[in-house]
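Have a look at the structure below before the remarks.
Labels A, B, C and D are assigned to the chains in the order they are written; within every chain, residues are numbered from 1.
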Amino acid sequence: MNRRNFLKTMGWGGAGAALTGCDLPTTITLEEGKEEVVSYLMPEEYVIPGVGVWYASTCTQCSAGCAIHGRVREGRVLKLEGNPEASLNNGKICMMGQAGVQGHYSPDRVTKPMVRNGDTLTETSWDNAMALLQEKLGAVSGDRFAWFTGTISGHQSALVSNHLDAMGSKQHYVHEVVNNSVSQAVNRDMFGEANPRVRIDKAAMVVSFGADFMGASLSPVHYAGQYAKFRTKKERGLLVQIESKMSLTGGSADLWLPIKPGTEGVLALGMANLLLNKIKVSDAGIPNGVRKLIDEYDISKVAKITGVAGHRIQRVAQLLTERSPSLVLAGPSVEGHAHGYASVAAVMMLNHILGNVGKTIESSGQFPFPQLMAKQGGTADLLAFAEAAKAEKLDAVVFYGSNPVYSAPKALELNEAMNKVGFKVAISQFMDETTEVADLVLPVASYLEDWGTQVPMQQSENSAIHVQQPLMEKLYEDSKGLGDILLSLLKQRNNDEYGKFEDYYAYLRNAFAAMPAAVKNNTTNNNEFWNNTLQKGVIDVASSGGKLKSTVVSFADPVSESANADGLTLVPSPRLGLYDGRHANLPWLQEAPDQISKVVWDSWAEMHPTTAEKLGISNLDLVEVSSAQGSVTLRVVLLKSMHVDAVAVPLGQGHEAYGRYAKGLGVNPLQILDATTDNKTGELAMYSTRVTVKSVGPADSLSIVRMGTGSGDSQAGRKLVATVPVEQLRRTEGS
Amino acid sequence: MVTEKDINEQIAWAKINTDVLESMENPRPAFWVTLAVCVAMVACAVLAEYIQYTEGMGTANLNNPHMWDMYIAAFVFWIGMSHSGTLLSAILHLIHADWRKPIYRFAEAMTTFSLLTAGLFPMIHLGRVWNLYWVLPYVSDRGHWPNFRSPLVWDAFAISTYLTASMLFLFVGMIPDLAICRDNTSGWRKKLYTVLSLGWVGSDRQWRHFRKIYLLMACFLIPLAVSVHSIVSADFAMSIMPGWHITSFPPYFVAGALYSGCAAIITLFILLRYFFRFEDYMTLAIMEKTCKLTFAIAMVWTYLNLIEFASIWYGHDMYNKELLIAKATGPYAPIFWTMIFCGSVLPFTLAFQKLRRHMPTMFVVSLFLNLGMFFERWMIVAPTLSMSQEPHQWDVMYGSIIEWAIVFGSFGWFGMLFLIFVKVFPSVSMYEVKEMVFHRKRSAGEEDLARMTDHSKPVTQTTGGEGA
Amino acid sequence: MSLDNILNHWSDYRKGSEEGGHHDYEHRWAMAINLDICNGCNACSTACYAENNLAVVGKERFEKGQAMHWLRIERYWDQQDKDYPEQGASFLPMMCQHCGSATCEPVCPVAATYHTPDGLNAQVYNRCIGSRYCSNNCPFRVRYFNFYSYYESAWPEPMEQQLNPDISVRDKGVMEKCTFCVQRIRTAKDKAKMEDREVQDGEVMTACAQACPTSAIVFGDTMDENSVVSKLWKKHQVERGVYAKTKLAKKDKDLRGYRIFEELNVDPSVMYLDRVREDI
Amino acid sequence: MSKKRIMGLFSDFEEAHDAIADIRRNAVPGLTVDNVTMTSPIEHPEVEEILGDRPVHIQKFTLFGAIFGVTFGFLFLSGAQATFLVQPQGGKAVIPLPSNFTLMYEMLIFFGVWFTFFAFLFLSGLLKKRSALYSEKVSLDQVAIIVEIDGSLDEPVKELFQKHKVLEIREEVVQ
């Protein structure tokens, strides 16, 4: 095996691997990885009964990859906290991270491999399962085999790629409902990097077009940390949030501007117009076509299209020039339209005009191990997969970390498409909708029982690999770690290279031993490095400096094609908590009220009271939300934190499977989305579906009736949370 | 206008004995029907309580913020009901209003049994009732004491004192009658009365001491009764909650207690009069006096209500004022206005002689007066919890079927105990009716005698009490 | 002996909170919560569930108001007269305020809730008989009652393995509430004692303060003058005590620190800092 | 010489009154009013007057009970409070006078009532076996006069009773 191949096997392959390497250690003590049953009469040195010990690992509850500490006592992991060693999340984790233990201890886990037997899945042994895999996958080759995963990174990602290579396939569908794929495309085109480092903390003012950076975003904890700095620095940062449904981040805005759904690009052009024509900011680097487009959108036209008052636009544009450096962000509600690319481009162009690139948008540098970098998902792959499956182009697919059957709109006809896939393998912890239709179910260990490495998508200033180590023994003997399953699969194809690793632990130890010395602080003692790494949980890897360009690409007129159609625009808003639905089986998160609407354990439709009045709907009515693709029936909650032209149905509920906590609760708005796509990137235009809403009956609402003139929404004259003007803060606490 | 007599003085003493003793043996069938209904209600409540006991207090729909609800309202209601019996008996005794004599016995029994009913509610409502005794001050080797600052501990002291004192008052007053029973019955009743009459023979020494203890007890009971309901009001008044922390609560509670007690006396008066054919003793004249008294107390209660509203209104305490407005206009408004109607408007029926003398009307009215008083207690307990300082926890709550079953059952429980009591013990004080007849006759003088005998002839041969 | 005791300490025993009460405090744990950076994300609340064995009650019971969230995030809409909440939502993390003159304490009939020398308002589950008076008299409504035996359904196997063995699981009929993570305080104090030193600032972190992604919650000992919390309280001129004079002592009325329902004189241990908004 | 007790039953209260009045006027030598007991179905203050001044001492016990209740109450409560310093205070004093006064008030009445009651039982001669000289008619409508005399006075007493229209005379011999 040549060195290049070796590095690729070990996950260090790719452009950055020029770092100095190191020899494979001559002896590997595999014994160290063996799990032993230890009697508490003679506990291990580090296990003191009654005393909790904190171990480092990595959270995989979303794809942000925060480093965590898990408190282990008497062999059980009890509580997760952020790992302060990681500059990404600085010792913090979000509610989803906190609830990780519940997924681990869930009573609904798959405990045994299962194989399809007619309509049902029956338990089987690993030997049988692997034999079946050998047989089925052996018969497939090339692009008729595919992996279907969520965002995946680290050595697991490398092994998935390696397995695909071994199968001779290039089909890796990576699907995430909560994604920033369109922004990535724009960023790539305008700044040269898909995920440049966003520096909210450095900005004096942030204008966020629907970017819920502290909510369901790429790295909510990281951005929340930045936000805290942004707010507490000497000149308190100013946040303007422009969106159709108030997001968690919008709740914290100094100015929250409701905007007609799908017109964010127009508003951005209007601001550009003001900046260039009124405030006379230089238009250097703006292509002529774009310049022309900008000039078309004068303030009154923009105000009319977007529904945002002209003086507000002017004021924000004015402030953007006064508060420098600023930062303009675009979120999924900007992306999710047929003209999504154009809208995002228009928004991001403001950063160019305002000269933010390089100041608040930095290069995230060249991560030295591209093979480990996160393969980020979007919805384009879901569409591609549906198409390929429908065309019967897939004979075998392995599913992991994604639940396409749940999250694909009905319009994609994925159910039928799935039937046309020859052999479906689900590597899964739970019986979710996708797992239920699989032909072979492989129970995967929870992330708290498994080895792995994670590379966060959004890195902080110090790029790092986060190491995931088991915090306790496996709850179910018949579950296997993802890495172990991958190794088994690879061994079936390429036993020469992978046969020597008894398990994934052995593989990782080898991989760490093979890690370039520069990353290891030039230590040669691999055991020491390994131990230190496990202790710290984080390996700092210097990203070599990159530099962003600041250009503006040409983009089409971001005009909303359905702006004047009947009905309302459906906002399928993701929540920090249930996220895209993957956490619906965690009771803590079900019981945590939605941050804005305060609803628990259910779905709801969120509408502005004015809209509701027009439609004859009153608060808590049962309403039917219908699109061309179908309808869902649920309770309505009237909140003024909605634009009058939008109705939001949050993601996360409506599971038809997925265990006792998730099943049968609420509705899944993804089902009724149109299959419209972004013209440029082919991503699903998730925020553009038009719906009609009608009341179908009053809901049982006794428990929510409030007394008197006030309601739980109002402070009723008390001083519970008082709002003080920033001038007061400047006087008392400012510089 | 001829003043109607409270009682016919010509009634023979033997008839008094016979009538009352007869009542204990031979009530109308309606008595048994009522008793059966009461027992059935208790059975439902026992079932509900079993569910609540095994599953938890949540079955009563209690929640944060409604940690208390109808159980406490019912507790206050029953405590209040207990007031009239003893307090009226004691006050009327002190002021020598002898028309109390035919009715005080059952009124005092009502006191005792409504206390026994009230006493159930702290237990029913307690999350861990098996630890109830921790409220009592007993010496424990861990050095634990109850918290003497807590109005609930005051309750425990006050109610146990009141229960003791009112039961003793009832018992002491009944001793001469128990002796009569002893002398006129046989079998188990004889044994029971022999023990309970404590060897009463009616000697002058016994009567002298009896007179004294009765007076002393009455003197104790009046301040005690007032303090008990003040302390019950302290459960609320000592808190810092709007609608609870109100200075006028002690008198307000006492007035409300007397009010509901008087209304209950009217109800039971009519029932007993019918069950036991007591028309000769529980006369319309006495009924009228009771009704007038009830009316007076109703007006005191109304006044105190207005005082409370006014002091809240002009006090400008934000929390209190918004709560008052919410009571009158919010979701609980129907209950609030029913309370005002039943408590302040309906009593005006008592001002009309025609209505006062019409038993069915009075029966219904008295029930509605007490309905109003139950709502009053509930309007004190629940709305404050619904709408306290913290607006996030504002809520509206109505009790579950479990809670209703238990509250209804408490009426059954009270009725059951009361009906058993009046069946076993003389519900009209025989010796005192005799005294009443005796003294009235003496003071009426012989010259009136002829006129009076015209209008109601003695039913049987008079054998006694014909002093010259 | 008892009489001697009473006579000798009469003046001590007659001190109310106006004179500082009869407590020799070792610590006075307190919080400072900066509402300007609280974004209402619920991390604290979930961390509290994880740390304190809080039962999940399910949809029906939650809607009935029988939830057990010791730390809840209240969300208020100000500017109710406007068409849109242009200044966002107002979030308020609300947990037991550990009042110095707690109104829940004097009303408990069995002394199940009391003040510890740490300045905590402690709830003794074993002693509680469930009269629920404490909750009724709590202006913050932060006491939660075990209306059912929640544990029977909240932790189906193997979820019970997650339970924190440092604290108990409560059965029906018992009141419970935020303890300021007393088990963590205990651990830190024990450790400090073993090492023969004082507890350091930052050594004790409640689960919520630890979790808060924006570090809006700061926890510490106000008796330690150098603690972050002390400094914040001092900076915002919020003082302990119940009398108007301590409140009037606040010289700069524009400082953001305040305690909720200060007018009730309950002396809460949680200081909030006003939310700030730039009016544009 | 044996002692005797004679009971005369009267239906007319005035006659009974007069009979006692006669005894008081020494109508039967050697029989004083102190040896006379009257039993009656109702309270007869005016008949009892003639029996002379027979003091009642219950109120002293009542007073003692009340004082005991208050003192014991205060000492008990304060003692308990002073030895139970972990008790919840909520900013209140360890020995809070208002609540202690409230409880002392209750204890005053509690002990007062019990002392009164037991004094009554003790002083009024209850809880004794009834003598055979008891007529059930007394609980109905007749008054009985019971005199305790030497056997020799038997006849004069009966005569006196007869004079006042006695309905029935019973006697028993006392050792």
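In the analysis below, a residue touches a chain if its C-beta (ideal position, glycine included) is under 8 Å from a C-beta of that chain, and two chains touch if they have at least 3 such contacts.
These numbers were taken from a predicted model, which means no experiment stands behind them.
Taking the mean of each chain's C-alpha atoms as its centre, the chain lying closest to the overall protein C-alpha centroid is C. The count of contacting C-beta pairs peaks for the chain pair A-C. We define each chain's centre as the mean of its Cα atoms; on that basis subunit C and subunit D are separated by 62 Å.
Put simply, the C-alpha centre of subunit B and that of subunit D have 30 angstrom between them.
Measuring from the averaged C-alpha position of subunit A to that of subunit B gives a distance of 68 Å.
Averaged Cα coordinates give subunit A a centre that lies 34 Å from the centre of subunit C.
The multi-chain contact residues of subunit C, meaning those touching 2 or more other chains, are 64-65, 67, 72, 74, 76, 92, 103, 106-108, 111, 261, 266.
The set of subunit A residues touching two or more other chains comprises 703, 714-715, 718, 720. Within subunit B, the positions touching two or more other chains are listed as 144-145, 147, 149, 153, 389-393, 395. By the document's touch criterion, interfaces exist between A-B, A-C, B-C, B-D, C-D.
Within the complex, the subunit D residues that touch subunit C are 75, 78-79, 81-95, 97.
Of all residues in subunit C, those touching subunit D in their complex are 2-3, 5-6, 9-10, 12-17, 21-23, 99-108, 111, 113-115, 242, 266-267. Contact residues of subunit A toward subunit B in the complex are 702-703, 705-712, 714-718, 720.
By the touch criterion given at the top, residues 318, 322-323, 325-326, 329-332, 383, 386-387, 389-396, 398 of subunit B touch subunit A in their complex. Against subunit A, in their complex, subunit C makes its touches with residues 34-37, 39-43, 45-47, 49-51, 56-59, 62-65, 67, 69, 72-78, 80, 82-92, 154, 156-159, 161-166, 207, 210-216, 252, 254-256, 258, 260-261, 272, 274-280.
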